[in-house]
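What follows is chain A paired twice: with chain B in the first complex and chain C in the second.
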Partner chain A sequence: MTDLLQPFVPTAADPFDLRKAGHLLRRAGWSGSLRQRRELVSAGVAAAVESVMPAAAVPPGPELLQEAIAFGDIEHVRSHRVHACLQSNHPLRERMSSLWHDHFATSNKKLLDPRSMALQQAMFDRLGLDTFDALLLAVSRDPAMLRWLDNDTNRKGHPNENFARELFELFALGRGCYSERDVVEAARAFTGWHVIDGQFHFLAAYHDAGDKELFGQRAAFGGEQVVSMTAARPESARWIAERLLRFFVHPQPSAEEVEALARCYTQQQRHLGRTVQTLLASRLFFSARVYRSKVKSPAEFVLGLVRLLGARAAPAELARAMGAMGESWLEPPTVEGWPRDMAWLNPATWLLRANFAADLLEGRRGKLRPAADDLVAAAGKPSERVAAAVDLLLDGDVTAASRARLLAFAARRAAAGPGGGAALLHATACTPEFQLL
Partner chain B sequence: MTTRRDFLKAAASVPFASLLPAGHDGLWLPRGDDRVLLVLELQGGNDGLNTVVPLHDDTYARARLRLSSVREGALALDAGFGLHGDLAGLHALCKQQLAAVVHGVGYAEPDRSHFRSRDIWHTADPLHQRVAADTTGWLGRAADLLAAGGASMPAASVGSLQVPLLLRARAAAVPTLERAEDFQLGVVTTGGAADERRAALVELLAPNQVPGLPPEAAAVAATAAQAAAMAEKLRTQLQRYEPKADYAGSQLGADLQLVARMAIAGFGTRLFHVGFGGFDTHARQLPTHAGLLRQLGTALGAFAADLAGHGALARTTVLVHSEFGRRLAENASQGTDHGAAAPVFVLGGGVKPGLHGTPPDLRDLIDGDVKPTTDFRALYADLLGWLRIDARRVLGGDFAPLGLYA
Partner chain C sequence: MRMRSTFRPEVAGRTRAFALFAASGLLPLSAQQPLRALLPEACLAVVEVPAPVALYDDLLAAFTPVPAGLPDEVRATLSVYLLALPWLLGEAPRRLVDTLARGGAAIGVAPGDGKPRVFLILRPGDAAAAARWFGGHARSVSWQAHGEYVLVATREADSRSLAACVENATAGRFAKWPSHFCEDAAVRVFVDLEGLRSAFGRGQHLGENLDGGGRFLFGALAAALARARHATLALCTQDGLRFCAEIDHSTADTPFGALAQHGTRVRTMPSPPPGTLLAMSVDRSLHALFTGLDRFLTPEQKLGAQAFLSIADQVDGRSSFVDDLIGGLAEPIHGYVIEPPPAIPGDAQPRLLLPGFAFVAAIQGKDVETVLRRTAQVFTLIVNAERGQRNQRPFHIHSCAEGEWHGLSGELSEWRGPGAPPIEQALSPTLLFGQGHVCLASTREAALAVLGEVAAGRTQTLTGDRIELYGPALARTLARSREVLELARMLDEGESRSESHRFWSVLQVLAAEIACLRLALVPGDDRTALELSLRRQP
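Showing the complex of A and B:
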């Protein structure tokens, strides 16, 4: 293991403090209350990282999933996802599922099949921290995916290349790591991978059992072999390492970081859970370059604000707010997934975020007013109220420039009296720092 | 090489003055400076061969035993071609001499990936260079030139929540708009004092040049300052508008109506993008494609009628294109796979009506796909010329215009 991935060891000069606990919960989860963050600081970094890992092998709440399926509309399935993220105290499972939903982006806009979408999410929950091989095979047999990329029309003599192309281009290898010939041959191997009554079926009569030439090897490959051969390519290790780094660490990982994590992932036999745990505990993850280096997605902004404030709102309402900001779960815009980082933010989406924060703090539009408002209002002098708001939303860490502006805001008459605490928290949520992950 | 940090620094240092009303926006613009271009992008790869249908081409009929059924009911354009029967709204515009069709638009060495081909159209860079954080789009570069000339909000994306690559600019602030009414800054109202809180918040959001903000935060701060300034401008300038056409309630119609409102108000925004998705018809294409084209024709018809009713059609042009056409041969799923060149539409703005360019020869294909007969950048050059924007600076080279305008 290289230095980058050595465990982070706190020192007096670089302690595991509220900032780092907040960083861990933002990246590996959906933020957490001030109390939870303080508990993690007391527990120390190793226990903190351990605490975000799933506690049990089986995802919780299958009965809620069944209920969402029974209601049969996509809003319910989406609400179920939001609920799962909000209530989880071991949030990495749901966090990984959100990554895989983006990575294997499948949209109900085409499928119009909430049941298959719900089952795909459940599959991500189950396998998102397993080996990439197991995940990729399950994705390749997933009914929602098979229909999304038209593999249910891929038949011997009439191949449909859509799934094979995206498997290489987006899911497992990246452009330039395969040939057009590989796409054509892989498509033949997936012929007959079909969906009947919402379930995967292998239809031998539709399958092309002839020899295929893939990555320079020739044999009568089936889809399973294409998946395992693809996952085992060294290019795939780099592709997945880069993806994990962009998600957990930095929007532009360095070549050295990609190599280091690809090596770790290969040594861990492509086990995602062990790879991610190593990454989250690492020096790299807690380094200055990584801290607040990403822009929050709408989900990270909305769910994070709700959890930081201990606010309450109907999951369906939160899902709609995220959708308006451009992140409607279960409906990614393309097979490429969602945009990232600064692409989320422009004047219009910034306004939606600021207005969501105002609505949440005031209990407007189906939200319950959080008690945090009163805590900040009760803190006394402007500087103490600013400190309380910054502790609550920004782990006590804000640039001098932003703190000065917040102090000027807190000193005004409009920031005192009824609603004054909420107004100050709203202003804090409007600082540039609060948009960063 | 420009790094992401450089890009963010550049984004953060947009002079705030460029966002303030320049004093000669809108109705008081010099002649020719009030022209508006809307790029309407059919996303997913529209089947050009079943949109502008070759009526008597045996090669087409043989390659598409099922899908060539659209020839029945096609709306004739000339002896050889007809519009898909569900494009009645667009066909009416052709009959009124308000629309042009350009055959076979594309680029050499077609890329059949949605994303790469879209990026090529958006950047006007067919060299397939990797898109980086500082990559700009062709309309974004045009917006930069307008911003350098004092325009306050030269470009906007409508309907999408992310600025598409073609509008990515270096200096111009490009917002996305959904409903003009949503574009306001909300505040906490408990205890009254809403106006004072808004004023205090605007002060908090004012752009700053304070050193010490990390580049990411500086870019966010610049966005927030732009948001506050634009919210105020939109709120005050979009008041008066009476629609003169029925947009039929579709999302596409609503997006086009917002563009029409801003064009009619003389808001000063001159470059727009609207996306319309769902054209990736790999399977069971006929009903899906017909439904999409019906929405398209209806929305475009309403848009043109609304603008004409307000006397704004002559200064508004719409380009309708897709990232690629589809393969000549239909597939076994009653659909079509990713292809190459396809026809585009140019509407309004005094365009020379009728069919332009050379129809591709369907017996002379490139890997089963239609070969381009017109480089898409020549089309861009026409549109930029009409907008009186320096095409050479936007496209990075000289492309002979097609002569779509007198």
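Showing the complex of A and C:
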């Protein structure tokens, strides 16, 4: 294992403190309460990383999934996803599912099939931390994906290259790592992979069983072989490593970081769970370069704020708020998923974030227990109240400039009379630091 | 002069006997006057309870015993409140009512500066005990013992003016209320609608602010309310609970009155079949609406209606939606919601089971069957085309004959997909004709259930509008989809699973207790009555 991925060992100068516990919960989950973060600090870094990992190797089916499907509309399926993220005690599973939903972006805007979308999400929950080979094969047979990329019209003599092209370009290899001929031949291998009654069916009559030449090898490859050959390529290891690094670590990972994680991923037999666990426990993950290096997506902002405050809000309402900010789950804008990092922030979306925080803190978007004033010790001095707000929302870590502004705000508010906890927390949630992951 | 009275009725029956006595002139003037007569003239709404103890007993009988099926935590919470009530009140509730108001109570509400002024006159059963109770508990109001009365008001000045009214003993304007509506009710409320409108400067244009659908359904009632001078409301406690109201203006005598074809005439509707959870018949005519758009709708609403008609006419293409289809039906169309049929063992059912919806009407036009058949087939074609775009299986429509009924019915092929079937798997849209009637229903079972009543000649008579809810069938329908309904509250309201479970448990138990909840609007020649009645399961 390279130096970068060596386990992080806390020292007196660089302890595993509230900042790092908050960092772990933001990146590997959807944030957590102050109490939860303090418990992680007490437990230590190894136990903290262990705690975000799913408890069972093979998870049960998502709770109430069939009930969510029963409504027959995408809003309830989307709310069900939000509910799962809010309720999860081991949030990495749902976090990985959000990564794979972005990576294998499939939209109900085209499918108009909430059931298939819900079952695809359940598949991500089930296999998101398994081997990439298993995940990629499941995606290749996923009814929503097959219809999304038109593979249900891919038949012998009339190959549709859409799925095969995205498999290489977006899902497993990246541009420049395959030839046009590879796409054509892979498309032939996926002929007959169709959807009937919402389920995958292999239609032998539509399948091109002839020889194909793929990555310089020639044989009567079927879709399964194409998937396993693709996942085993070194370019795929680098592609997946970079994707994991962009998601968990830094928007622009260095070549050295990509190589290091690709090696780890290969050594772990492309097991995503073990690779991610190594990454989350690493020096790299807890390094200064990585800390608050990403911009929160709407989901990370909305769900994170709800969990940090311990608020109770209707998942349907939260899903609508995320959608208004540009992240409507199950309806990614393109096959490449959502825009990332700085693309999330503009004057309009920033205002929506501020308004969402105000609504939540003033009880218009859910219940806040304990109340905002209790959360920031309303009776205390302005400096104590700012410290409480910064601990609660920012792990006690804020720039001097932001702290000064919050102190001035708290002093003005204190002069106006008692209360004002919600206003102070709102100001804290509007700091530049809070927009960062 | 302070009034004195020997008035001590203990039950509603005695109150009525007392009224007869008073009418015969055998009692002194003060005792002849109802308590409401002593309230200030400025009051715009007055509540009178002639026998509060009897009312307490009747309400207790109506709401107890607490349904056995309520969740334990809800029963426990109720028990805690009931146990705490005597402690909070300082006395057992029934005894307190007897102490404070054995001889009756009247409440008047008058407009104030921002806040309403409230006046209360009580005839206590034990004046000394009542005074002690008010002394210990009524710190936020102004009260005084005044002869046989206890007078209470929200402000000191109002308390004095109330005392002056009582001393003058002149019958106020509420003494001679121009309505004998529900005279023996346990509670009566008298509302000066004209006074309310002039005090608040609004309400004159009720009905005109409604949207198109609102005007169709509620326009006449709203317009009647805007013109009425008085409203009398009553709570009757004999034979279940009945809330009744009457206004002194007829819905027929409003711009929207012509939407009702039957008006004050009695008509019939097929009886609700077994398993009905909701039955409704609203005396409104779509034909009248669509042939009088200028009369009933605003110019914008009219444009919307015309847009709808231009599409509706094109569905069939060879007939007029208004003249041939709606005009061929004897309106109103009666609606029924019927619980889903029992599950067949081994048959996969949707997790969310919708009840069946059925609409039935008598046919009066010769072409209705032809037009409706064509329309149904075209509509199915449109629906199936949309389903095809969503990769969903089509409804297969076929001719069907069931005994004396014939028509069209549709269904989906057997569900072979992953998980439980979708909602629409339980639908079998059906259009049946026979015995001079047509029935359009979301399921074949619902259509046959309603038409069974038509065939058997079982009918109900009614005037005006009626909506009836049958609790047991509703409870059974809720039970069939409980897990989905629970998730709905978790997702839409942010409730935890246990909270959502408790909500539906309570609702289901309460629904099962309601034999029938009826809302009726009965137009008269010069008045309109509204009745909401609740009958518990025996």
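In this text, the second predicted complex is superposed on the first by the 414 of 437 C-alpha atoms of A that agree within 3 Å, B and C clash if a C-alpha of one lies under 4 Å from a C-alpha of the other, contacts with A are read in each partner's own complex, and residues count from 1 in each chain.
The rule is simple: contacts are C-beta pairs under 8 Å (C-beta built on N, C-alpha and C of every residue); 3 or more make two chains touch, one makes a residue touch a chain.
Computed from a predicted structure; not experimentally measured.
Aligning the two structures on chain A places chain B and chain C side by side, free of any clash.
Contacts of A:Thr153 after superposition: chain B is touched, whereas chain C is not reached.
When the two structures are aligned on the shared chain, A:Gln199 is found in touch with chain C, with no touch to chain B. On the chain A superposition, the C-alpha centres give an angle at chain A of 80° between chain B and chain C, rounded to a multiple of 10. The partner of chain A that touches more of its residues, comparing chain B with chain C, is B. Shared-chain residue A:Ala70: touches chain C; no touch with chain B.
When the two structures are aligned on the shared chain, A:Ala46 is found in touch with neither chain B nor chain C.
Once the two complexes are overlaid on the shared chain, A:Leu407 sits clear of chain B and of chain C alike. Legend: residue contacts after superposition of the two complexes on their common chain; A:Asp113 is shown touching chain C, with no touch to chain B.
After overlaying the two complexes on the shared chain, residue contacts for A:Pro315 are found with chain C alone; chain B is out of touch. By the touch criterion defined above, A:Ala134 lies against neither chain B nor chain C after alignment on the C-alpha atoms of chain A. By the touch criterion stated above, A:Met325 is placed in contact with chain B alone, chain C being left untouched.
After superposing the two complexes on their shared chain, the closest approach between C-alpha atoms of chain B and chain C is 9 Å. The interface of chain A with chain B does not overlap its interface with chain C at any residue. On the chain A side of its complex with chain B, the touching residues are 109, 150, 153, 155, 157-158, 160-162, 165, 169, 175, 251-252, 292-295, 324-326, 333-336, 339, 342-352, 354-355, 358-359, 361-362, 399-401, 405-406, 408-409, 412-415, 417-420, 422-423, 426-427, 430-433, 435-436. Across the interface of their complex, chain C is touched by residues 64, 66-72, 76, 79-80, 83, 111-113, 115, 119, 147, 195, 197-199, 312-317, 366-367 of chain A. On the chain B side of its complex with chain A, the touching residues are 4, 8, 11, 43, 113-116, 133, 161-163, 173-178, 182-193, 196-197, 200-201, 203-205, 208, 210, 212-214, 216-221, 223-224, 226-227, 230-231, 277-278, 282-283, 331-333, 335, 337.
Residues of chain C touching chain A in their complex: 350-352, 389-391, 415-420, 422-424, 481, 483-484, 486-488, 490-494.
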